[in-house]
Amino acid sequence: MNDFTQQIQDIASRLLDNGQVDVFIAWHKGQQDFQVQPYFARSADEAQNIIFNDYSIHNLSNSLLKFRDSKEKIGIVVKGCDSRGIIRLLEDNQIQRERLYIVGICCPGMKDPLQAMRDELGFNHKPESTELAAKCNDCIQPNPVIYDELLGTEQSPRVQDRFARVKEIEAMSADERYQFFEETISRCIRCYACREVCVACDCRTCIFDEMRPQWVGRENNTTDNLMYHIVKASHMAGRCIECGECERVCPVNIPLMLLNQKVIKDVNELFGPYEAGMQYVEGQKPPFSMYEESDPDDFL
Amino acid sequence: MVAAAQHPNIELITYAEVQKVAGYIGNFTVTVKKKAKYVDWDLCTGCGTCIEKCPSKKIKDEFELGMGSRTAIHKLFPQAVPGKPYIDAEHCTKLTKGKCGVCEKICPTDAIRFDDQDEYVDIDVGAIVMATGYDLFDWTEAYGEYGYGKYPDVIDSLQFERLSSSGGPTGGAIRRPSDGKEPKCVAFIKCVGSRDDTKGKSYCSRACCMYTAKHAYQVKTKIEDSEAYVFYMDVRTAGKNYEEFYQRSLDAGAKYIRGRVSKIYQRGDKLVLKTEDTLLGMPMEVEVDLVVLATAMVPAEGAKELAKTIGFSTDKDGFYQEAHPKLQPVETFAAGVYLAGTCQGPKDIPDTVAQASASAAKVLGLLTRDEYATDPMTSEVDPGKCSGCGFCVPICPYKAISLVDIEERGAEGPFTRQVAQVNASLCQGCGACLPACRTSALDLKGFTDEQLVAEVDALCL
Amino acid sequence: MKILNKSKLEEVLNRLGENADVYVPMSKGLQSGFYPWKSLEGGKDELMLDALNVYQPPKSVVFPQTERMYSLYQEGKGLKIEETYENDEPRVIFGARACDIKGIICMDEVFLTGGYEESFYKARRESTTIVANACYEPGPSCFCAAMGVDPLNPEGADVIIRDTGDAYIWEALTEKGEALSSTIKDLLEEKELSVPEAKPFIQQVDYDGVAEKLKGMFEHPIWDRTSEACLNCGICTYICPSCYCFDIQVKMYGHEGYRFRCWDSCMYEEYTREAGGGNPRPTGRERFRNRFLHKLEFFTERYGHPLCTGCGRCIVVCPAGINITSIISEAKEADLDA
Amino acid sequence: MHDDHKCNCEQPLVPGIVEVIDIKEETPDIKSFYVKNIDGQGVPFNVLPGQCAMISTPVGEGMFSCTWQEEQEWLQFAIKRVGLMTDDLHRIEVGQQLGIRGPYGNHFPIEESKGKDMLFIAGGIGLAPLRSFIKYCFKHREDYGKIQIIYGSRSYADLCFKDELFDLWPKEKDTEVFVTIDRPEEGWDGEVNFVPTYLEKLNPDPANKMAVTCGPPVMIKFVIQALEKMGYSDEQIITTLEMRMKCGIGKCGRCNIGSQYICLDGPVYNMVQLRQLPPEW
Amino acid sequence: MSVENNNEWNPKIIVIACNWCTYAAADLAGLNHYEYPADIRIIRVPCSGRMDPLFMLRAFNRGADGVLLSGCHPGDCHYGTGNYYNRRRQMMMKRLMQFVGLEPERYQTSWISGAEGSKFAETMHKLVEDVTALGPNRKLRDER
């Protein structure tokens, strides 16, 4: 890990020094060791603040959205899942490949700083103390799929059956399923952090902020919450790159990935095989911008 | 065609293919590939010396449907406009092997150009009329009972047209392909591939009844002591003077038998047809010299792809879809694109001409106006909301949506970004693009989100 | 000295629950917050009085995330408001820490002073009795003292309980507190126990003079850098015991409906978006700046103390690792001429 | 502030109901609404020039300056159609009942301006709040000196209160009205200019004067610059601000500029006060 | 489940119909006197392509007991391809809705051409039967 820190610092200094990039997006340390923060280095000096450790979990590709209207050239560090986010942005026409210098890291799996916060700072009764962050246990793509420079050695996917949770729910009866979601999703405080952190949520104005019509009510109750989550999941259909950030940041532990993975599984079964953000082909559009005459259907 | 070619306002481009159509009503750009002809038509006088002298003579003549041969330098068909030859590169020994070049040497005007290249031209037009016509249904793939094409004397009616044409391979004498003998007994089978849900098409090809009547009449009048059998399901003669023509054919002695031929097989040099006369309810067997199949009309090869390129739809059989079967029979859903002839559906020449004239009139009506009023029910993009993801772009069947650059004022000064834009003159208001847009940056006038949600709300009260 | 033996705790809560909704710190799965004592499911949920704090502050007891205000009924050209929904059912917040109660005090100031007493808040607030749990062992992210909060003697408490191990010292401070105590008189014992010793703060925060200094820092470059990592997700505002921004919305079903208010966040773009599209806080930077200036400067100017109570929650939840104490210290150290 | 001019109801967020007694189309997108208590008797509250009220339809609530109050008769609001709720308002007819709560905010310095010459500078719908002050001055004509009104909008059609601008006000004692439109148009032989430029051209003398301005934010910005150039002091420049408001009573947190709540402490400010605020308006 | 459980209850069913086929079929059904239940409330849209899943969600949210989306048979879209895109979206949405616990019978899709007046009537009968059997819907329904 220290190794990566040094290497990233060197690359960042080099790129910033020779003007190849104007800003380099990586991480730096916050107050606590586990309080790692996204960091935007703008000079070789600042590049020395960069670190990469167990807690560099944030999918930085999302922060490219802050730069979509500028012309700055950007260096960015991505892990496997994060790199799929870059493809998401390219496919969604939100950033230009020429503006990016991508440093890929073959990801050994990360720990969750938020989990650590809760555990260490006394907000959890019993510390969870997990080895890897939940999302990293389900990782199908630890190695970057797009990069200009690659660090580390190839890792193998860590996932057993990433749809295990989905299948569990599928096995329930309709009423049990509804009850399950009613219980979990009524917790949602509708902070929309899951939206803000999501690289696939790259719209300029979000439909949930839309007033004409107001698609989804703003009340914090089961139905409005459910509407929010169903619409969000459907907007992720064929687009979610499974970085797991949404579920990770949720302050009330809504199992957002359950819905995302359900859709991923279905899109795969129905129109697949298809995994979003695995490779970039110019002009490529996600599954709901196309069709096959032979698509399955169960229409009456 | 000659008249068209000579019209001062008509430019006829032959031996060419449409590659791409961009733009919209009033402003189309059509990219045309003019195929290399290896003959400079400006110099060529069409004297035909080269055609006579060309040593590669044994090439199957496509126009004669395999019943004649031609040279490598040749005219596509006798009445081709302009009446000038081109070199079929695939068969020319000079072009394939570098030898020969006879034509070049003998051409009195030095019109031969072995270094000719395909040429691409962009043509700006305001409207497009589709008249790509038809092909015949490939019966050899479907009708095993008629021998899948293994009997040379089972031909389709277009081949018969060539046989009976004075400009055809036999100079107008009806001869059977296998041995060149004059057939004394000819059977015509109608509705091969038409009105046949199981093997062919469900529709009626409309022209067959009349041309078969014509063909039977030709047999009866051109060949002495001949017999013409017509096997039919119905005789449809809806058209001015059609019934009268059919009667003439009957009067000339054509034998109409209602029944579907269930099998054809060879016996000696004859063909035997097994069938049933359904009017009498009697099975029968007929021995003939030649069988002519009135095969179904199907859309011309490549017609569907062409429709896709231009951006309008085809019906379930691949014919071009008119905008409305009764009220807009010559328009397509793509504004500025019109239809004429069998590309829209089977029809005969009078109907083709009528439709073509209607299209021409529509085009004139369009092009003489300075402004064009579109249907108000079109899609619109709110550029403020659009993120420029372009997901909606491929969904529009009319290619009405494109990404354009816009200038915006940001916190750090102006910047450009891409947003979708709907060309209102192309949009037909289907609204298919809307659900593709997550931010609902698109809305459809007349069926806006707000209106539909209000409707849902009201109906759920 | 009145003593509540921990063995009697459940009984006390049950008793209190007979006349009021009692909200206690509780964990539910991975969640923790102030939930109704009645909702505790044995085996699954757990009372968390002895934890440092819970994830969700008790703010929503007095200021729920969504609260119906009044009904609307439209008939022809007529418009009627038939019902308003002020809720004054008695409730008890049991075991809140000083920082969280301070949050409620901040809200009292906002909702009940400044010329208007907001009736919906008032109804809930006046019917609420607060039992504070004095805090002797600050956690690593706590800095309430620096923000003017006394963790040992929580301001605003009706009753204070002090954890001595097996028992709580029970101290009623107000009339409301006395009334509450009287309902459980029989469960309290009279006994002298020594007050536990307070541990020092781990986190050192110096807010002295920061409010003043920030006055000149509206356009200071620190906002460019500090705001960069922020996602403007607003978790920090929703989880904060003192953030009180709200929005007023309506739901109509044909001719009937109701207007309600719900939490909102200054971190959101559409919070300040004006009709016609203009926005005085167009980017994340301005919104980030507003949140921290509101907490640390504007509120202090208006009400004499900051809107941050030092609970440390926003530090724990922020997915971008933003830390308000770092912002305080950066502001403190900032070069005003930069 | 007089208590009569402050909302002092028990439930400040719950509106009272009023009835629309008249609607007048001012411009293609601005209508005046005259409202009165539903029993036909008087008004729900009295307002001072510059104060606002929250008007609601079932669709939403919006803050509007009261453009004039006829004592105990009716309240008038001039409302521009810009969005959801104002669209809804523009659809209603006379007799419709609306929700209203208020009055909110401070008012124009009617006392401090006494004995002074008045300069009103407005653009577009910005005339709506100023009009209450203008009409107040006319009503108490002897208290104020010379009155000058400079008003501009995009086009002739977009000018609000035309009958007053061209007919009534110029006839008032010692009053001048200057009207301008942004772009030339057929049938308009008056001034064509943006308001700030026109103001500079007219160059009204700052001596013993109060300048009150309202309009789109950019206009306000340039008007203030122009006034400063002409020698107006900060005390002499008064404006009224619009920030998005939701509650109107200083609770919801939305309309703050620094520690000020526009709905409580504003919307009327003079430049001395504004300069103490962060530049977020 | 606190829903109106009296005998008066009739299901509220929203049918979103393509103008060119199902809507025409409804007309035809009327013309040919095929009776279909009165509980059906039809919303006409220009093409199945216009059928945003959000309308379905909205309908359930506002108290619909069943929703049917119906368009032209594959290949028959008046605009060429609208129904193909819609088919993909609906296939995904239906599964998602079932996943969160909605009974599949409540959210159905069909192809009904303009000529299929009788199919329209049959489908509506079946739909009403299915939904009636399930009783009033409370899932996703707004708590008013």
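For reference, chains read A, B, C, D and E in written order, and residue numbers begin at 1 within each chain.
By definition in this document, contacts are C-beta pairs under 8 Å (C-beta built on N, C-alpha and C of every residue); 3 or more make two chains touch, one makes a residue touch a chain.
None of the values given here were measured: they were computed from a predicted structure.
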Checklist entry - Just how many steps, at minimum, does a route from chain B to chain D need if it may pass only between touching chains? => result 2
Next on the checklist: Let me check something: if the centre of a chain is the mean of its CA atoms, which chain is farthest from chain B?
Outcome noted: C
Item to check | Selected pair, greater C-beta contact count between A-B and A-E | outcome: A-E
Next on the checklist: Could you work out how far the Cα centre of chain A sits from that of chain B, in whole Å?
Outcome noted: 52
Item to check | Distance from chain E to chain C - Cα centre to Cα centre, in angstrom | outcome: 46
Item to check | Whole-Å gap separating chain B and chain C, where each centre is the average of the chain's CA atoms | outcome: 75
Item to check | Between chain D and chain C, distance of the C-alpha-averaged centres to the nearest whole Å | outcome: 38
Next on the checklist: Two-or-more-chain contact residues of chain D, please, as numbers and ranges.
Outcome noted: 83
Next on the checklist: Residues of chain B that contact two or more other chains, please.
Outcome noted: 384, 395, 436, 449, 453, 457, 461
Checklist outcome for this item: Two or more other chains are touched by the chain E residues 53-54, 58, 62, 75, 81, 85, 89, 142
Item to check | chain A-facing residues of chain B, complex | outcome: 384-395, 403, 408, 410, 412, 415, 417-418, 436, 438-441, 449-450, 453-454
Checklist entry - Which residues, counting only chain C, touch chain A once they are in their complex? => result 27, 29-32, 46, 48, 51-56, 65-66, 139-141, 225, 228-229, 231-235, 237-239, 247, 249, 251, 260, 262-263, 265, 268-270, 284, 312-313, 315-317, 319-323, 325-326
Next on the checklist: Using the touch definition from the top, list the residues of chain B that touch chain E in their complex.
Outcome noted: 312-314, 316, 321, 333, 377, 395, 397-398, 428-436, 444, 447, 449, 452-453, 455-457, 459-461
Checklist outcome for this item: chain C contacts chain B in the complex at 253-254, 277, 282-283
Checklist entry - How about chain A: which of its residues touch chain B in the complex? => result 68-71, 92-94, 202-207, 210, 212-213, 215, 235, 285-286, 288-290
